[in-house]
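Following this message is one structure expressed as structure tokens.
A, B and C label the chains in the order they appear, each numbered from 1.
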Amino acid sequence: MAQVKSAAFKKASTRALHDQGIQHALNHVMNHFTEARASAIAADYSDESWDAMRTRAAAIKAHTIGNLDYYLDLADRSIRRNGGHVHFADDAADATRIVIDIAKRHDVKRAIKSKSMVSEEMGLNDALKRAGIDPVETDLGEYIIQLAGETPFHIIAPAMHKTREEVSDLFHDWLKSAPTSDIARLCSIAREALRKHFETAEMGITGANFVVAETGTVVIVTNEGNGRMVTSTPRVHVAICGMEKVLPAIEDLPVFLRLLPRSATGQRTTSYTSFISGPRGPSDEDGPEEFHLIFVDNGRLNLLKDEVLREALSCIRCGACLNHCPVYRKVGGHAYGWVYSGPIGAVVTGPMTGMKQAADLPFASTLCGACRDVCPVKIDLPKLLLHLRHRLAEGTGSGERAGTWMERLYIRRWHDAVKTRAALDRSTRLGRLLQKPLVRRGKVRSLPLPVISGWTKDRDFPALAPKSFGEIWRDGLGPAREPE
Amino acid sequence: MQAALCATCLVDQFFPEVGEAVVTVLRRLDVDVTFPEEQTCCGQIAFNGGYRKEAADVARHFMDVFENERHVVVPSGSCASMIKVYYRELFRDDPDDLERALALGEKTHELTDFIVNVLEVTDVGSLARGLVTYHDSCHLLRELGISAEPRSLIGGVSGVELQEMPNADACCGFGGLFSVKFPEISIAILDEKLDAIRASGADTVVANDCGCLMHMRGAIERRGMSVRAIHIAELLAGE
Amino acid sequence: MPAEEHPNKAAFLQRVREALGRSDPLLHMPDHPTLKAALPRQEEKVRTVRARIDVLRAQNLKKLAETATAASWHVHGPIAVEEAAEVVAGIASGLRAKHVVRSTEDVFRRVNVDSALRRSGISPTVLAAGRSRGRSALKGLAFEADLGITGVSYAIAETGTCVVTPRKGIARLTSLAPPAYIALVEADQVLGNLDEYFALTRLVYQKSRGRTPTYVNFISGPSRTADIEQTLTIGVHGPGVVHMVLIA
């Protein structure tokens, strides 16, 4: 499995905040995405309102996930009936083994890949290389980060943090191309470089945006055409997807095909949507002779088991929650330390990879709710983040409880202080006494207290008022009272 | 009409002048304001930290204090959301308290919601001066769906012009616990908000939540900026 | 013969079930509207769809021209069937195409693209494997071609989409590998929206007792990317120039 570096969120986010390249890219790209989405939604699309579509899509997802065993079984039977092979992988290692076994059986030297987030979870490229198979990413963004030896910065714009100069340097180093600052030229360099792989690679690896259970159809939504290449030219096609990607029937697709591109890139539709229902037929002119679909768990059961978190499995990976998240917009994707970033990354990383190492992520949110408002399947991300915070603070088992004793001490002190008004007034009096040496003109410029001292690094903190509102009320603002 | 004021702990302890302003405005509108004196806090701090046992304990005290009131007015979108929205989550597995929470939620109103939708007033008869810009506090906007009410109230203040800032609905970066756990990110988000306020040209930024205000003011004062950050009640109390 | 069931399937599904709080498989199909619609109901639905398509034919055609243009198709027509071949030849000449590949949808029986192209000095090749041409030769031919021409199964007005269904005589690469592409769309192939397409498709699936096309492509404009600095660039892996010829 890909390394999880989420424990370093704080350090990595600080680094990102000071990286001018990243800040520039975020400022530029995030607004581009949010504006494109807004105008796509404002435009006319169907008889159904945007909100009604979201509600319906959420209901379809909830239904499917609530009966996931049934639909996985149905999908499996349909795909095998269509002549394909279906695999069920418990974890990243399992899925990787399956891919490599297939590759070995077909004597594959090179595998061309279309974008697949699950393969990122698996760290598949490194594993293929170790097995002597040369993996080539063919989505332009993925290709760039593969050359750079990085992980995706964003679910749908993996190389958004790279400038054209950086891309030109990478192409120069790896492809010996002449340096250029012309983006169209850079695209055609990649086109030429990848064409020969499309012609010769023996294996194609893709993800799946949706898997239709009834007909056994894998749906791939792309813009560049590499997804079509990867599913057309090699002898073998292996699709890898999370087990939650299944939908009941093809007539469930339209609502998702409307929501996904508008939420992701602000397009009415993507350039290509491909529907693959098995290997090529006996009389087909081209296409893979063998088709495999691997359903991957890799920690998804941990989401499924938790009735609140289950909702996160409805995610269709559009990236809208990232684009609208004030935190993602400042720290970018790498800070989150694994494959998924932004609000959805903050929700799934812990349950999928281990709660404790990702304990910072559910707190790395202002709970502003912008993510929930834009989510095409109405995932209540703030609720899920709060639920995770609860599990981290009071969860069962030491395996996931991550709050520090200092934090608990604060909470206990607070709890004791606000239990009754009398207790609160006592605490206030004590607080006023203790704050005296810190207060200058009604402000605290430095709070020498563990955990909360960070507040005053760039901000003043208000001093406790000389008289609380409660006291002001009692002392005359409220109705006159009988003398005691 | 009678209404019980839930001052919120921030107003009670740090910004009592906001509480006084609320009382001034409500009394001007002939509301008989009461202040149940046993009140402390709604419990949001602990709830957002994940400490639901402590949060529930404090929330029960809150319900004890307020559940016999006819209307509860809260000068904070965040605390109002805690009561109206998140008590449901907090007492999810506790039917008795859930029922109490739902009933209390029904009669709890954020201040501007109360004035515009319950009292049906948009001109509170106040007088002020200057160019004002309005910051949408996240919970007020996205948990309670309130954005037109404060704007119409600001529009009703004589002598004041409302000048929208770009992305008024963008988070200021406070987020309670977040601002303490991740101060650098919190400040980076705030920088963008302060830029937007500056771009509006306004001399005053108004918000409905002392959390956002404490955060904005903290940086405004540290940097010696000239803009004022005030609670909407303070604007509405002017005469 | 279907492939064998994966050895981990039963255990995998059991874990899923238990995570959902059940210990046994469902006895019945879960209640879901799209899945439950059996053949008679689907037939009825499709009758309505067809009636709608008939009534709205003119509007759909007009809308398709708009949405396709918005999606960066070069739209031609609607034109009479007799003129279509010349329009195609004109586009090919304009592109200075030398190697043209095409597929074999029915539309080519009505639109004699080959002779029009030959009159322009271009000799097209049907991209199909056969006794004389292996599959790797087919691939080579596709990658060398500078223009691909296909018919469509349907076009969808909502999205500016051509639906291409590869099968015998219709290679996947014809509409993909060459840098330019022409789609021939006949008026009676135009649907209003995605829902109509999937309703029709599901009926075909049901009637054929569970057979489904191995591969279908929605083509909705040129190949595009914005992966470098969010700058839209056309024609990265698929065709950068796409023409839609509407035949009335």
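As a convention for this text, contacts are C-beta pairs under 8 Å (C-beta built on N, C-alpha and C of every residue); 3 or more make two chains touch, one makes a residue touch a chain.
Bear in mind the structure is a predicted one, so any value in this text is a computation, not a measurement.
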item	value
Chain-level touch network, classified as line, ring, star, complete or other	line
By number of C-beta contact pairs, the top two chains	A-C
Centre-of-Cα separation between chain C and chain A, whole angstrom	31
Chain B-chain C separation of Cα centroids, rounded to whole Å	54
Shared-contact residues (touching 2 or more other chains) in chain C	none
Residue ranges of chain B in contact with chain A within the complex	7, 9, 11-16, 19-20, 23, 34-35, 37-41, 45-54, 57-58, 61, 86, 89, 138-139, 141-143, 170-171, 173-189, 214-215, 217-219, 221-222
Residues of chain A defined as touching chain C within the complex	25, 28-29, 32-33, 45-46, 60, 63, 66-70, 72-73, 76, 78, 80-90, 94, 138-141, 144, 157-160, 162-164, 167, 183-184, 186-187, 190-191, 194-195, 198-199, 213-217, 223-226, 228-229, 231-233, 243, 248-254, 257-258, 265, 268-281, 283-287, 295, 297, 301, 304-305
Chain C residues within the chain A interface of the complex	2-3, 5-6, 8-9, 12-17, 19-20, 22, 25-26, 29-30, 32, 34-35, 37, 67, 70-71, 127-129, 135, 138-140, 143, 158-161, 166-173, 176, 193-195, 198-199, 201-202, 205, 210, 212-231, 233, 235-239
Contacting residues of chain A [partner chain B, same complex]	10, 13-14, 17, 326-327, 329-331, 360, 363-370, 372-373, 383, 386, 388-394, 403, 407-408, 411-412, 414-415, 417-421, 424, 428, 443, 445, 451-452, 454-465, 467-470, 472-474, 477-478
